[in-house]
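Sharing a structure, written as structure tokens. Questions coming.
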Amino acid sequence: SPSESSSHVEPGTDQKTPGSEDVVVTSEDGITKIMFNRPAQKNAITTQMYREIILALEAASKDNSTITVITGNGDYYSSGNDLTNFTKIPPGGIEEVAKSGAVLLREFVDCFIDFPKPLIAVVNGPAVGIPVTLLGLFDAVYASDRATFHTPFSHLGQTAEGCSSYTFPKIMGPAKATEMLIFGKKLTAREACAQGLVTEVFPESTFQKEVWARLKAYAKLPPNAMKISKELIRSNEKEKLHAINAEECTILQGRWLSDECMNAIVNFLSRKAKL
Amino acid sequence: SPSESSSHVEPGTDQKTPGSEDVVVTSEDGITKIMFNRPAQKNAITTQMYREIILALEAASKDNSTITVITGNGDYYSSGNDLTNFTKIPPGGIEEVAKSGAVLLREFVDCFIDFPKPLIAVVNGPAVGIPVTLLGLFDAVYASDRATFHTPFSHLGQTAEGCSSYTFPKIMGPAKATEMLIFGKKLTAREACAQGLVTEVFPESTFQKEVWARLKAYAKLPPNAMKISKELIRSNEKEKLHAINAEECTILQGRWLSDECMNAIVNFLSRKAKL
Amino acid sequence: SPSESSSHVEPGTDQKTPGSEDVVVTSEDGITKIMFNRPAQKNAITTQMYREIILALEAASKDNSTITVITGNGDYYSSGNDLTNFTKIPPGGIEEVAKSGAVLLREFVDCFIDFPKPLIAVVNGPAVGIPVTLLGLFDAVYASDRATFHTPFSHLGQTAEGCSSYTFPKIMGPAKATEMLIFGKKLTAREACAQGLVTEVFPESTFQKEVWARLKAYAKLPPNAMKISKELIRSNEKEKLHAINAEECTILQGRWLSDECMNAIVNFLSRKAKL
């Protein structure tokens, strides 16, 4: 059901080959669209999906599209990291899970830092965790008024990623950023827009129509000028962002092995199992 | 007529000597005022005007005024770079136009980066292009509610200048800055104020009266304290801003010779010629 | 009386031993609270109080509380530096006052830069000067709708401190920051919130109740995750902030000896003496 938890254990999700239907990539009108497509799990992101998105971004950076869009299918944009990613313990044990998770996360975020064309988020519904923190690396963020923005890291004994420890204070100032990143305050779409995380909010009823009309117009602008503009805007801090990403992933790897985090995840999963 | 295009070819504009009436400088009440004064061409900025403004800023930095104001005469603040600057081809050809344009632009923007006294924009009406991007280098920006803020660089195959590739994301975050600088979204005065580009918006009916009363009061504050405060605030990033300016001008020089840009300018000028 | 000026000369204030009642420190529910407690002098900060707050912050960083709060007792949050600090001239003369004042200020601000746990300001009323500028170093700022934010440095011939010459332009952009820091514009709580200096504003009638309920909930979150998150967010610019603080204090030391500043303080104190 659409309200099913992102923690629903789905054995074998991880074994899908590239081309699985959990991430759907399409391209038309100069726009490559990468869509989270696990609506029954609120578009929670499995290990396999991280890998598919990396491949999709690499392909989009070289295809003949002008702009690239990330969006979600169904009610959610994405509920974030699928916590069952932590429950598949390999021979190397939990340390191995933490290490390989940190390596994958770093590679995933690096792809967003380096993406060379305008990258736009079409946030169709609630976003939790890494789909929120990554928004600081997008060039524009359009949100339905149904969308919410939630980063409950401390509640799970974890810390910020997606370069948000750097981009969020820069975008909204530390007084607003800390309430999200440390205290886990959930923002409405209008709040996220007032604080600069979101470019513009649209009523749900006209969201898809208005946003895609606008994106199609933008996709017709001179592609080289846009690509060079983006490089100009982003090049100043690319090196800094890669360093932040590396630091965040190292710290998270330690967090995942901490008592605070393990207890929080066990509690979360067992609460969900009882529902 | 006031609605005449900024692309109107006005032979010989360029030959005016310093002291032309296209830039008017006055000084009273501790305030030096530098005014765009080409209202019939929407205060479009000719090559000669860039040079006159450089001289006016150099003089204002040394005169006995406390603060310096830039404003426009007539309906517009300024419609930006006069595109006919590109139509006067010297013996060195279009490459020579691009090269000398980049040198002049860099020198012009450097004057704003280094200006030592409080610098205030009194934005009396619409602003397009470089008069908008420069606002990130001002210390305060007061706008009439008639003002709009428009940077259609991509539409003309061009890229951002005036250090806006650095100042705009810093001021408003990348999600808002990109929509202006890459996608050419035009902001109202209230939007520009909400996003931190404008200090305060006033109703057109009382704009001049309210703003000048406030500026006269500010001009009476201790001048050394204000000058030292400005230096303190700006010194941290002066070196960075000069580097950004140099990079933006180099990239623009290349853009001006690109097919995307030449086609866009030819289309713009021929559309205007048909009106 | 509650409306008595912060410049009221109170001989011997300075001689109080640590444990004076001008700064009250309490700890419960995982929260250490440091309270300005000179309500009859609008919580103006004496030399002795700077020293007590430094000690209180050092103790709070090591105690077993999870978060630390700074607030004021009575109508004011704090009216800032007690200008009578400048009237107690030691044998070394006014130069000695300026030098030791700059050393103390630098040490005081360094404690805020380095504070390792979430640090929250509960701004119960008007704030003037350094209690305002320091807010850029807090992790969250909750304000009553009675609070105002005022930094009239230029009016007193002085310049910005508390790292505000760096944090304010970063938080609100130069066009808003300059109006506060150079022109001394006073902000309402709602304006300060819109510009990112304040996290959230509450009606005075429910302020204490709502804020403390929220803080008690935050204090129950995993403490290590919060501490590490804060370090992650702040570590990027700690070195920069210490350099800014040193520069601001050096410049202020010079300002305090300038004619502009001495004249302004004499005028301020004699105006108050006549009331």
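The first chain written gets the first letter, and so on, giving A, B and C; residue counts start at 1 in each chain.
We take it that contacts are C-beta pairs under 8 Å (C-beta built on N, C-alpha and C of every residue); 3 or more make two chains touch, one makes a residue touch a chain.
Only a predicted model underlies this, so the values are computations on that prediction, with no experimental measurement involved.
Engineer: Show me the overlap between the contact partners of chain A and those of chain C.
Structural biologist: Per touch definition, common to chain A and chain C: B.
Engineer: For chain B versus chain C, which are copies of one sequence, does the interface use mostly the same residue numbers on each side, meaning over half shared, or is it different?
Structural biologist: Because under half of the interface numbers appear in both copies, chain C and chain B meet with different residues.
Engineer: Roughly how far is chain B from chain C, centre to centre by C-alpha average, rounded to an integer in Å?
Structural biologist: So the centroids are 37 Å from each other.
Engineer: Residues of chain C that contact two or more other chains, please.
Structural biologist: If we look for residues of chain C contacting two or more partner chains, we find 170, 172, 194.
Engineer: Taking the complex as given, what residues does chain A use to touch chain B?
Structural biologist: Interface residues on the chain A side: 118, 135-136, 138-141, 167, 170-172, 194, 196-200, 218, 221-222, 224-226, 228-230, 232-234, 236.
Engineer: Which chain A residues qualify as touching chain C in the complex?
Structural biologist: 153-160, 165-166, 169-170, 172-179, 181-184, 194-195, 244, 247-248, 251, 255, 258, 260-261, 264
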